[in-house]
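Each of the two complexes below includes subunit A, the first together with subunit B, the second together with subunit C.
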Partner chain A sequence: MHDEAALQEMRTRVVLHADRVAHPSSMEFPGNFPGEDLSWNLEEFKKNFRIVVGFIGKDDMEFDMIGVDAAIANAFRRILIGEVPTMAIEKVFVLNNTSIMHDEILAQRLGLIPIKADPRLFTFRRGANDDPTDLNTLVFKLRVQCTKNPDALPSAVHPADKYINSNVLSSHLQWDPQGEQVERFANDPCRPVIDDILITKMRPGQEIDVELHCQKGIGKEHAKWSPVATASYRLLPDIQILKPITGESAKRFQKCFPPGVVAVKPNAAGQLEATIANPRKDTVSREVLRHAEFEDKVRLTRVRDHFIFSIESTGILPPQELFGEAAKILINKCNVVKAALHASGALVAPQEI
Partner chain B sequence: MSMVEPVEDTHGFPFTEHAQKFEVIPTDAADPSSATFVVHDEDHTLGNSLRYMVMKNPAVTFCGYSIPHPSEFKIHMRIQTDGSMTAAQALDKGLDDLIALSEHVLQTFQAKVAATEDYEIRDGAHI
Partner chain C sequence: MSNAPAIHEIYLLPEGVDKVTEIKDTKIPNAATFHLEKEDHTLGNVLRMELLKNPKVLFAGYKMAHPLDHSVDLKLQTTADTSPLQVLQEDINSIVKEIGQIKRKFENELTLHSMQSVEPTNGFTVDRAY
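What follows is the complex of A and B.
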């Protein structure tokens, strides 16, 4: 049987061995441990739950979410990637396209351009019978003609010098406000997030004239609607040194980890000894487990309920707002199912066949 | 328990309209303690988090979910209880608990983001 410490490790840590990951799933369910009440308790959860924000940048952020199960953390991650809506180009009306890029490829590339427009101010367009309005559709125009540059030097060789508009960029998109959109977006005109995205290249005589309709959608239908470049989490590494690692061995030990994880300093006896300085920097490559000299001296684990979340926005919404939206979407999902459950009558009486 | 009104569609999944959201497949008409619930237009996002919350209920003896076919956008959620509450009540409690949890996560997150002196702000981000 396990002793108390081994059991505690099993419950709170995911242990990484050279060839396998030990007890990865949570055991904290009622009935699993005698004499312990592991049933859901909101007050207990509030006591243990913590969020520590690491940093917030314009487009990215990192924070620690401590005290939740992977099932919950994963729901937030999945919603961030696939269910927080944004606006993206969905319809491309090609009036003229004499560039070498085929209409469908051009349309596909245009769709992937992140559009800076607050999706919360728009509604979903529900199918073809739902007419486009200024509430569910944004219109852009892309009209570019490539010409020779009359001022080019005879010695010019670079297409950017020889021709005008040889590169079609996202900055060529022109917003065509519909209805009340001018007033609604007066402070924050709709535009591509980034101005120098290359859409296609042209040569003199070629022309693109297209009208673009943006609609609200979610990443689950097409990745162009995903509001994040990536949203991911990893568990906090926890490296345990079981027996002292000293001398030259300590330096070799240090080299098994990324810089900053292990510190080698003289101990009380004046000998060099390896200590764990910052386990957070570890990538858990498991390199240390390949060396026989460290066998039984180190244990690589991860803290099961400590998630280091990273959100990289495409720039449409700031990352901290994306997470708030994700939480609201999860609450809304539950409310919709709850309403459907109540409406089904299953709660009132035993169901009849 | 009062009826919960469906929330405005601004955050909802756009394909649910006109479709049925929810079905019950009872195991035994006389025994409401076990049933399979079919939730349309949901996947692992709700399935796994809800399974976790329902399993946290001591009255529940079994809870599991599956996506019966990858082309059909629905989940089957199986719940069996010890009889002290019906399977539907256990599902309802699981939903309530998940809502309470998400609300606390949201409030905590917003409070932490508002405390701008506690973390690093990079490239002049506006918080």
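What follows is the complex of A and C.
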């Protein structure tokens, strides 16, 4: 019985020791355990797979993905960061720039401004030979001049009071609709996601006059096209108390974890006892493993197929749509390879031997 | 910057290059290497995982030979009653089904969640880990 439990533990949990992490990779493969058919089938997957939405904010969300392999969770994460397309400023035509910021730096900063425009309504511009059209390019103009504020009090010290346009902000970007873009984006005009991103600072007499061309791209090429601030996952912590921890020791035990993880309450015998209240809050710092008094009393583990997924969008697309897009991209990748295998012709000989 | 590789090399398949080439192993029976152009760990690892879950697969592994070389080599050996190509095709179909299932489930849970909570909490009232 004990061996059975140990085996189950090994199969479902990643165990954290002070100096190493034990059995991190999945072992649920056919042939690994006698008498068990662990081959993949859709019905079995449907039965075990669960998604629990934790919260959805304006720009971020957290959900639990339970019952998948790390490869799938990681593929989603990688695609969210690097392969879901967005629109970003790619070309900056500088007509005039007398600010102290060099053209290159200015262009780099402009590129990183998230542009609120649905990337699904645009096409990729493939290379320099592909002419810019209203389907693959968005045009913005940034024309700002800094002047003295004639109404400023002589006692004014703050630049914002003394001058007009001393701060160049993302709200100064003016969308210049091309072709049919006025009609296509009538309900949702293209604009920067956030209006108060500081681009540069100016003083009276300085001027910036640039034309900006946005193109569709992916985060793999440049991080400015990444639709997420971060997309990450972690495994659900599972803290196991092996022997009761009571009295003053329980309080010290509680201090080894972030607030809220361990509760200290009187047990049936009226003694203070530590229990695990909310393992999700644990950062798995392994502090508890440094104390000799808790040796053999606690085991830190993580559930191997329980991913706590968090998506923080830059605000271009809501996070819940980003996940759907990522799934579509992954399916598309598979279909491209499938089609290529078909095209290689070898498919028509299924039984070779 | 003059000798920097063109950035589109990461994802754009050049004309005349096959997306997938099968190189049959001459020494091991029922074994082949699939060379996938313009793919990386995203697909390589998912394929490896799915292949390992197939009882007909004796060996499956992948490598990205060089970080500047945007291609993946997938090595695969199967039992005698099938072929690596056939197994790969079957398993790609399973992956598509699996991802489709994840997507549907996610969308279902979203509608359920939106019916329960009226306004977006933006994470402040919800019990968050950090």
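Some observations on this one:
In this text, the second predicted complex is superposed on the first by the 346 of 353 C-alpha atoms of A that agree within 3 Å, B and C clash if a C-alpha of one lies under 4 Å from a C-alpha of the other, contacts with A are read in each partner's own complex, and residues count from 1 in each chain.
By definition in this document, a contact is a pair of C-beta atoms (placed from the backbone, for glycine too) under 8 Å apart; a residue touches a chain by one contact, two chains touch by 3 or more.
It should be emphasised that the depicted structure is a prediction, and the values quoted were computed from it without experimental measurement.
With the two structures aligned on subunit A, subunit B clashes with subunit C. In the superposition on chain A, A:120 contacts subunit B only, with no contact to subunit C. Legend: residue contacts after superposition of the two complexes on their common chain; A:335 is shown touching both subunit B and subunit C.
Of the two partner chains placed by superposition, only subunit C is touched by A:280; subunit B is not. Once chain A of one complex is fitted onto chain A of the other, the partner contacts of A:244 are absent, as it touches neither subunit B nor subunit C. By the touch criterion stated above, A:308 is placed in contact with subunit C alone, subunit B being left untouched. Shared interface residues of subunit A (contacting subunit B in one complex, subunit C in the other): 29-31, 37-40, 42, 45-46, 49-58, 60, 63, 65, 68-69, 71-72, 74-75, 78-79, 83, 126, 218, 220, 320, 323-324, 327-328, 330-331, 333-341, 343-344, 346-347, 349-353.
Here subunit A touches subunit C in the complex through residues 28-31, 37-40, 42, 45-46, 49-60, 62-63, 65, 68-69, 71-72, 74-75, 78-79, 83, 126-127, 218, 220-222, 278, 280-281, 283, 308, 320, 323-324, 327-328, 330-331, 333-341, 343-344, 346-347, 349-353, going by the rule given at the top. Against subunit A, the residues of subunit C that register as touching in their complex are 7-8, 10-12, 18-22, 30, 36, 39-43, 45-46, 48-50, 52-55, 80-83, 85-86, 88-89, 92-103, 105-107, 109-110, 112-114, 117, 120-123, 126-130.
By the touch criterion stated above, subunit B contacts subunit A in their complex at residues 1, 3-7, 9-14, 16-17, 21-24, 26, 29-32, 35, 37, 39, 42, 44-46, 48-53, 55-58, 86, 88-89, 91-92, 95-106, 108-110, 112-113, 115, 118-127.
Note for the complex: subunit A touches subunit B at residues 26, 29-31, 37-40, 42, 45-46, 49-58, 60, 63, 65, 68-69, 71-72, 74-76, 78-79, 82-83, 85, 120, 123-124, 126, 216-218, 220, 318, 320, 323-325, 327-344, 346-347, 349-353.
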